[in-house]
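One chain, subunit A, links the two complexes that follow: it is found with subunit B in the first and with subunit C in the second.
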Partner chain A sequence: MTIPFLIIAFVTLVPAAVAMALRNLIHSSLLLIASWAGIAAFYFWAGAEFVAFAQVLVYVGAVSMIVLFAVLLTRHTRIDAGLAPDSIGRALAGLLAGGAVFGVLLGAVLSTPLRVGAKAAAQVPVKRLGLELMNHHTIALLAIGILLTVSLLGAVVLAATDSKGKGATP
Partner chain B sequence: MILTPLHLCLILSSALFCIGLIGALTRSNAILVLLGIELMLNAANINFIAFWRYGPNPEAGTGVLFVVFAIGVAAAEAAVGLALVIAIYRHQRSIRLQDARLLKG
Partner chain C sequence: MIGATSFSPLLLAAGAGADSFLERLPLVIRDTVAGVFPAPLQWLVGSTLSIVAIVAIFGGIFAGLTLVERKMLGRIQNRPGPNRTGPMGLLQPIADGIKALTKEDIVPRSADHLLHYLAPVALLAFSILTFAVIPFGRNLVPLELDAAVLYFFAAGAASELAIFMAGWASRNKFSLLAAMRALAQLISYELPLLLSFVPIIMLAGTLSMTGIIDAQAGWQLGFIPRWYIFTPWGFAAFVIFLIAALAESNRSPFDLPEAESELIAGHLTEYSGFKYALFFMAEYFGMIALSGMAITLFLGGWRAPLPFLEFIPSYAWFGAKLLVLLLFFIWIRGTFPRLRIDQLTRLAWKFLVPLALVNLGTAAFWSLTSGWSGALQLVRWALTIAMVIGPFVLLGRGLSGTHRPRTYRYA
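Moving on to the complex of A and B:
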């Protein structure tokens, strides 16, 4: 039970950490795909198959492609956009803040006695999930459909319209 | 002090959250900041699944439903965010966040 979890945690955390530290944007986004796949494996491990499939479809399939396209569309030089290195002070402050948050969270988690339900993993079959979505959460389902439509149309409008031609501020 | 699987899941999700937080705070590349925020969202989803799986009432399936909706909203957010990045790149010829100081087109 624990060994697979540790492998999944390793596969999830190490690519994410390396991706956040790398200079090369394409390597970062490819590593993040591995991290998202690790999260999908975690959902499988926890018994939420439908969420795992949704994660693979949405993150590993779609969001990664959008990110790669954005990276490629915003490169202006052959050599990978050598963004000026961030100042050391900013990196240190960020690390300090993140480490402090992690310390607080770790302390809170470790000092909380959590009672784990003794039951075995309960499966939620996809059929019941669909019935639940259509019965109790119909409004939310419709709302998220409208949200997705509007936001994708907005994304197209934002990315496709030229800024009135020539006079764009440099 | 006994470490239950729920503890392990919570530690995993808080580590992922902090990696995303550090990335969003330290990098000045807009795309990487967005990816850090995506990582933080994923950490929240892991928490939902963990509490659903080890909670007192796993038959209800509410955690699964919430995560499905959260993934949908995160997809919309990623699309709009990256479109904004491309629009900023068009205006400023750079995606450094320090350069993006104008809202005016």
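Moving on to the complex of A and C:
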């Protein structure tokens, strides 16, 4: 029971750690994607089949593309050597932001009651998952849907005004 | 059902076909071989046999398909195609394989060696993973998953990563351009691909491949199969799926990432020898897997097209449908010119995505009116067909407003 979990934890954490240490940004992002795949493997091991596939589809399939596009479009040189922060202020801001995220996550982990037991988790059919989402969590689902639609429309508007501004005076 | 009584002998024959010896033969072979081994190892041997069968059969189909494709393209272009190796060029795949194996494997000095090596391997591995959930026959599902459709697209989603790795690691401007093109194209066409099969899942009420095929069982009027392609929304979704599948598998007319004439084969530029062959294998595997998906979702899976043909084993029907779809893809390749990148993305975002969304509404209407009968049934069909054709015509007119078909005076 624990050996697969240890392997999955190794596959998830080691690429993430190495990604932070590497100087090559493309290698880092590819390792980050490997780490996301490890998280998907963890969901699969925990019996959450649907969540695992969704994780692969969204993170390994889509978010990875955004990360790679961002790296390719923003960097001029192939290998970036700059590991040291530009200024003390930036380093402090980075530490503050990272520390805040870590604090929130740690608080959430510590305050969540964990039920420890040998009982194997029951496989939930996808159909029941869907019905549950559509009946009890409709509001949340709709809110997320509207949020994503608004952000998509915002992206379209940004892209559209950008190309039109060339001929007319904006 | 109307024809149930008049066609009863045929239905009896169908019942016999479901459990015939040929139908059970693959399972019998697997269980016999697995039975030789001690009980704790049997599941392992059984799974290994499935994997070996998949790799061997689809590897064979890949080899045959390269020859068929070259022959067919030759015929389309009014030339004989390969005809020197063996009788009628039949041994050409073997010659190609030997050539690929013995060629020198050249890696550019400044390339990223690890990623350059990993890219074709990863691409092939991901494309083979997608075969795991496709039902090849009545009892031939390698992996029965509750969320099989999601698994298929999750496994396929990683292939764009591999293409990116290949393009970036080659350290070649053509390769990098191709990688960027591939990313843009694959992201654009993922959306219509996913949207096109949402109506199927809505109507079938399941993400399981077996469940979707079961939902397409039975006959209308006694002989028309209840496949989803024979409904108006299903047909529209099938066309969208086919176009998006062509783009997802980098096939012509969407082969911009490897455009031979402008990008000198794009991400394949710096690949030679067997790595190059692996890329080709992965492309064909992807095409075969997407065809298998199209068969499962729209063409009734392994089901026979007519009631009295059900004595033919189910995997033969799957193979026949697969062959038809693959030949269709080759035909498309021989017929259509390549799109430009702006035409390609415009087609996806302005045409296919809105049509797929409208189609979702059409399918919802179809599902809500399933109780209508008699004259209302005709109204239902007419309304749904109008909901499919109307947006298609309006959107097509709207998008091609200023562009008229080109006329040549001195052609």
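Operating definition for what follows: the second predicted complex is superposed on the first by the 113 of 170 C-alpha atoms of A that agree within 3 Å, B and C clash if a C-alpha of one lies under 4 Å from a C-alpha of the other, contacts with A are read in each partner's own complex, and residues count from 1 in each chain.
Criterion: a residue touches a chain if its C-beta (ideal position, glycine included) is under 8 Å from a C-beta of that chain, and two chains touch if they have at least 3 such contacts.
Quantities reported herein were computed from a predicted structural model and do not represent experimental measurements.
Trainee: Is A:127 contacted by the first partner subunit B, the second partner subunit C, both or neither?
Mentor: second
Trainee: Figure out whether A:60 sits in contact with subunit B (first) or subunit C (second), or with both, or with neither.
Mentor: second
Trainee: For A:154, is the partner it touches subunit B (first), subunit C (second), both, or none of the two (neither)?
Mentor: first
Trainee: Looking only at subunit A, is it subunit B or subunit C that touches more of its residues?
Mentor: When the residues of subunit A touched by each partner are counted, B comes out ahead.
Trainee: Tell me the contact category for A:138 with respect to subunit B and subunit C: first, second, both or neither.
Mentor: Touch status of A:138: no partner.
Trainee: I'd like to know which partner A:50 touches here: subunit B for first, subunit C for second, both or neither.
Mentor: A:50 sits against subunit B and subunit C alike.
Trainee: Based on the superposed arrangement, let me know which partner A:72 touches: subunit B (first), subunit C (second), both, or neither?
Mentor: second
Trainee: Between subunit B (first) and subunit C (second), which does A:114 come into contact with in this model arrangement: first, second, both, or neither?
Mentor: In the superposition, A:114 touches subunit B alone.
Trainee: Touching subunit B in one complex and subunit C in the other: list those residues of subunit A.
Mentor: 50, 54, 62, 69
Trainee: For subunit A, which residues are in contact with subunit B within the complex?
Mentor: Contact set of subunit A toward subunit B: 1-2, 5, 9, 12-13, 16-17, 19-20, 25, 28-29, 32, 35-36, 39, 42-43, 46-48, 50-51, 54-55, 58-59, 62-63, 66-67, 69-71, 73-74, 76, 81, 83-84, 86, 90-91, 93-95, 97-99, 101-102, 105-106, 109-110, 114, 116-117, 119, 121-122, 124, 128-129, 132-133, 137, 140, 144, 147-148, 151-152, 154-156, 158-159, 162-164, 168-170.
Trainee: Note which residues of subunit B are touching subunit A in the complex, please.
Mentor: Touch residues, subunit B against subunit A: 1, 4-12, 14-23, 25-29, 31-32, 35-36, 38-39, 42, 45-46, 49-50, 52-59, 61, 63-65, 67-69, 71-80, 82-87, 89-96, 102, 104-105.
Trainee: If we count contacts the way the header does, which residues on subunit A are in touch with subunit C in the complex?
Mentor: Within the complex, subunit A touches subunit C at residues 26-27, 30, 33, 49-50, 53-54, 56-57, 60-62, 64-65, 68-69, 72, 78, 123, 125-127.
Trainee: Spell out the residues on subunit C that touch subunit A in their complex, using ranges where they run on.
Mentor: For subunit C paired with subunit A, touching residues are 115, 145-147, 150-151, 153-155, 157-158, 160-161, 164-165, 168, 171, 176, 180, 183, 186-187, 190, 205-208.
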